[in-house]
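In what follows, chain A forms one complex with chain B and a second complex with chain C.
Then we have the complex of A and B:
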């Protein structure tokens, strides 16, 4: 079964994302509440993909992504950023980092898993 | 049962595969050990739940099963764990327990046996899951032919479902999301409250850059989150607030007013509840013995639609109410006279006359007043105003899922029994004060009245009220002037102020809000309206207080309180030029502790960690559980080297503790930590946390079991 790591400092959103990815996607979901925790869990548990919130206190989404890229153990894990920013310049900036996809917040819990699998090319 | 839906919580892959292939057409939905199992269970629609006792938070409360889940449960538990629930109770709840070491084949056999019981559920039987067999039996006597190599339907990737299934899944998801919403609504309303406070500060010109950025951040978070719970409008409002607070330029009075309006609109949008399809209808077994029924609060549910009433009553019955349903207003009135109900839930669309409103009047004028919740498909704004004016406590749009309806009842009841709150009222008219005293008496709130504003300040400090009610027109000093004085004192900036006013022209109302009023009521006032508005204010005060709470497992500060306390310590450190160190600590390999030794041991490790830290540190230091297995410690007066020494000593003691239960293999746990120092490594909590977390990451990388300073 595919495993996906969900990273968000907001417990409520993380839980809804987790419900969505488990119930609709049928994946196993790992969760992290901060960028630093995400780095630790990604290295220890090697998920198949990471869904990463952009705005978090401490290490934010983009810097977590860069840290993941810097570590050979986690470099190849595809990362999808989740952002509440609506401006296309922001989105472009995130896409230019080299992530697998950028998804919008708020998300519809019924749609999220489909968007994630589309971004990752999972069939 | 053609394709049973099986929830598989915390099961190893092999066992899940065995269930998929061993049960014809089964759809096995995996749920990981850390998932919110309660929400998934409550979402309903499961024919069987197979759970392992390694699942996070699996305890007696979870096994007493949330409303919405009524299928059988197969529990794989270590024989040693008690789970806080007796074997007979498990049997009565349709839970079959197997040792966690049992062969997959036996689990599949048991699952099939339970599913064949479960398939009778479609008949209207209310006791279908009652099992009188021994729960300790590990061998099913039921002979079931084995279905070899049926295709596994376990979904390993997203796959669009058939339309009807999708609709069903949508309803399930909606109710699972609703459960999460209910758990987090206080946190979300606290965010809204902080935006309201920022809007007020903006109006008064006291919102500094940091406050503005904070408000922008909160609005941004809300814009990104509430839409996920189904509040599309709320999300749009929050987005507008985000833009309003964004940007460096100082804001004018128009923006300040707009911010206040938007924050209020956001609160209302969220209070109305998300737009979600009703939860799937399921028959709920009637429970409770007669002698217990005598003590349970009576809830009268009046709805012309008997099915809706029945579902709500069933949900309420499951939560300790003695719920009675009735189909007409006449019946409701008769029952209300007879039963002294704790609350009444009524559909005001049921009789197309003004009788419903008259009945609300009558119920709210009883002594004690009967709380009325109105359920209606009508839903125009005028209705809401009319209903609120007559004293109804809550207004729910139809259709609302029964769990949400009963949540609302429980909130209203909690509110109406909220005694000990304190209201201070200032009015030069003794008749008004006497009327208020009579009105507030049934609510249990304490009222201090003051006829002469000259003694205002002394009384305010002595009484320390939760809500202040002021008359606009008084001799000597007007209410507006009093309010301004109150607002200018930092101790009273968050005290809710409600005005009584005979004048409701635009200029007066604007003057009230400019002076810092939260709300106003017209004079002569309608009794029910005044009480409702005061209650609303009291409820918000209570909400604010409950947020500054402690962590349930350990009793140390939670994250929110930690942020406040550390904020205070940082100010103190800056003022007195003293050092302050902030440490982020994380238990090593904690997941393995949970997996190997069980969650009871895991919880004990976290409790002991909190105890060790509070024991070793000084009273003025802050120890907080930041979440999961992570702790934050702020040490006032210590530089980071001294802090590291103290934490290393904690660590030495902590790793000596053996957490093993009754003679099993010893369990030792260590932790890693990073320490940052104010002001060298960061000037605020965020920066310090970030720096300390970086050092923690290094400590983990260097082999764990150590505490490292930044740099």
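Then we have the complex of A and C:
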């Protein structure tokens, strides 16, 4: 079973995403409420992918992604950014960072899993 | 009849008569003066003649006295005879000298008088030869008496005396004849003059009477002319007063206008500046007049200072607008301005322009604050909506356990309306960004056919669902456009057309080159749009029928967004309609110049990393399906139920609508060009954020495009 880490500071959104990925995608979902927590869980549990919210207090999405990349233990985990507000310059910056995809909020819980799969090339 | 028409002949006759009268009177006066002069001359000559006669008389008397005195001495030997004789002799000489003086100009008289003088001299010498006048004693006197008593002497003296008398008579006669002649001439002239005066006087009186009549008639006609002139002046004054009143009114209006108003003549020189304009520009109105419009209304942009719209109006006679310009004041400061330049036409000729403008700094600021507010609010609304929509979606999708039929129905309503709310927020944000100019276009040469076909392909499923046939047609012209944005416009228009088309009808999408621009057209056979609404529908939240928003699922912003996009491309969008016979939406785009046609750079956008990007497609017709693989994989590969297969729990027409996440349906996405989807499969940005322009733009747009306004 695929294991995916969902990182979002908004509890409700994180929970909906988690439920969506579990129910529709049928995956095992780990959750983290902050960038720091995401780094810990990613290193400790090595998920197959990470769905990472961009705007978070403290360590934001891009910073978290860079930190993941900097760690040999987590650098190969594909990351999809999830964002509600991105400036176009930021979006390019995200792409240039090398993320696997950029999804926007609000998302359709019935389709989130499909989009994640498409971005990651999962079948 | 106008009095001035008969004035010329009257005038000439009058002047001729007056001149004749004047000449005649002058002649008459001259004649009178001549006559008078002649008479005076004659009088003078009479006096002269009488004087000459008197002198002649004097001479004769003196001679007689001398003869008498001499004879008395011969008889009596009177001692006093000598002195008396000498005294008479001197008197004779004086008379003679006077007569000679008077007749100097008369040769015969002078000759006679000289003869008289000689004879008288001889006569006197004869008497003196006796020595009587110098005898000092009686003896001498006796001797003298004896010498003078000789009979020969007496005869000789008498003969000389007779000659002298005859000569003096001749002098007298000649002079008298002269006098008669002169007086006669004067009298004749006097008679002629008198007759001339009588005739001339009568003639002058007749002429004066004639002239008087003429003058009377003339003055009568002049009076009539004056009266009509006075009436005309009165009318004119009334008209002038009315015009003045109107002028004052116009002036008052211009002066009170809050907008700056500047009049410009056909050569581009300022002719008028109202107080508002003067205040806005910081320049006295009088100072502006006569200056070129570039100086008075210096619009600033990257290219420098200019007066573009005004010059355009003077050139083509059309109204030109500048909705976001910058004007420089005389002190160098600048302010944002909205400016309209309208032509002033006279008999179809451009005679100038009137420019109205206003300072929009305050409005801009208010708008900016409003837009920012809208943006923030909209954004903040999305966070709770995300979890709301997610939770409802899972419930409605039956993933959280079985739901009763009516519960399912309620959940579906909740999902649909949440989607609508999200669409609305997306559109508001989209429009706000376009209006704020924060959407940067990346125009490239794009085959119009490709845009038309892509849009038609995208909308095919929706059309099919509504039983509407889609026809696409476009010649191989290339436009300079941001392909994603124009696809957004086209799909929006097609979506509207399909929505309002009855089943079985056709929606035609086409593009063609016309008048140096590309003209896109979306035509439906729906119910049409009433004429008064044709412009209003492009405004925000404006729909032909207010119930449309609910029934058709639009946000009321689609056409406003379309207009924003098209205008940002430098094009124009409008609608034409015959109610009952459908509507036609048209918009124009600039054609890609031949030099641009081969260009396009390495990719649609930096970062797309796709060398086969849209803009560089070697064959305009080829790339339509090239991206299919990528897109198809995106849309069809999710595990679990495919997007379209949400089945009984979803209204499939709303699948993905309004969700930035997109979820393009397979049928739509398969035909998307690779460039539009943006690049290498590894980094396909499935979905975009809410910020514009990017390789993934279209995916984000696709859902919301399906049901725009």
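Worth a mention:
Throughout what follows, the second predicted complex is superposed on the first by the 120 of 123 C-alpha atoms of A that agree within 3 Å, B and C clash if a C-alpha of one lies under 4 Å from a C-alpha of the other, contacts with A are read in each partner's own complex, and residues count from 1 in each chain.
By definition in this document, a contact is a pair of C-beta atoms (placed from the backbone, for glycine too) under 8 Å apart; a residue touches a chain by one contact, two chains touch by 3 or more.
Just so we're clear, the structure is a prediction, and the values are computed from it rather than from any experiment.
In the superposition on chain A, A:40 makes contact with chain B only, not with chain C.
In the superposed model, A:70 makes contact with neither chain B nor chain C.
With both structures placed on the common chain, the touch criterion links A:101 to chain C but leaves chain B unconnected.
Contacts of A:1 after superposition: chain B is touched, whereas chain C is not reached. In the superposed model, A:111 lies in contact with chain C only, and not with chain B. Contacts of A:20 after superposition on the shared chain: both chain B and chain C are touched.
In the superposition on chain A, A:29 makes contact with chain B only, not with chain C. Of the two partner chains placed by the overlay, only chain C lies in contact with A:119; chain B stays clear of it.
When the two complexes are laid over each other on chain A, chain A has residues 10, 12-13, 15-16, 19-20, 23-26, 83-84, 86, 105-110, 113-114, 117, 122-123 in contact with both chain B and chain C. In the complex of the two chains, the chain C residues touching chain A come out as 379, 382-387, 389-391, 393-394, 397, 399-400, 422, 440, 606-607, 633-635, 637-643, 646, 650, 656, 659-663, 681-694, 696, 700.
Contact residues of chain B toward chain A in the complex are 13, 29-32, 34-36, 39-40, 43, 154-158, 160, 169-170, 172-173, 176-177, 180-181, 183-184, 187-188, 217, 220-221, 223-229, 235, 239, 627-628, 630, 686, 689-690, 693-694, 696-697, 700.
Chain contact summary for the complex, chain A toward chain B: residues 1-2, 10-13, 15-16, 18-20, 22-31, 33-34, 36-37, 39-40, 55, 57-59, 83-84, 86, 105-110, 113-114, 116-117, 122-123. Across the interface of their complex, chain C is touched by residues 10, 12-13, 15-17, 19-20, 23-26, 83-88, 90-92, 95-96, 98-115, 117-119, 121-123 of chain A.
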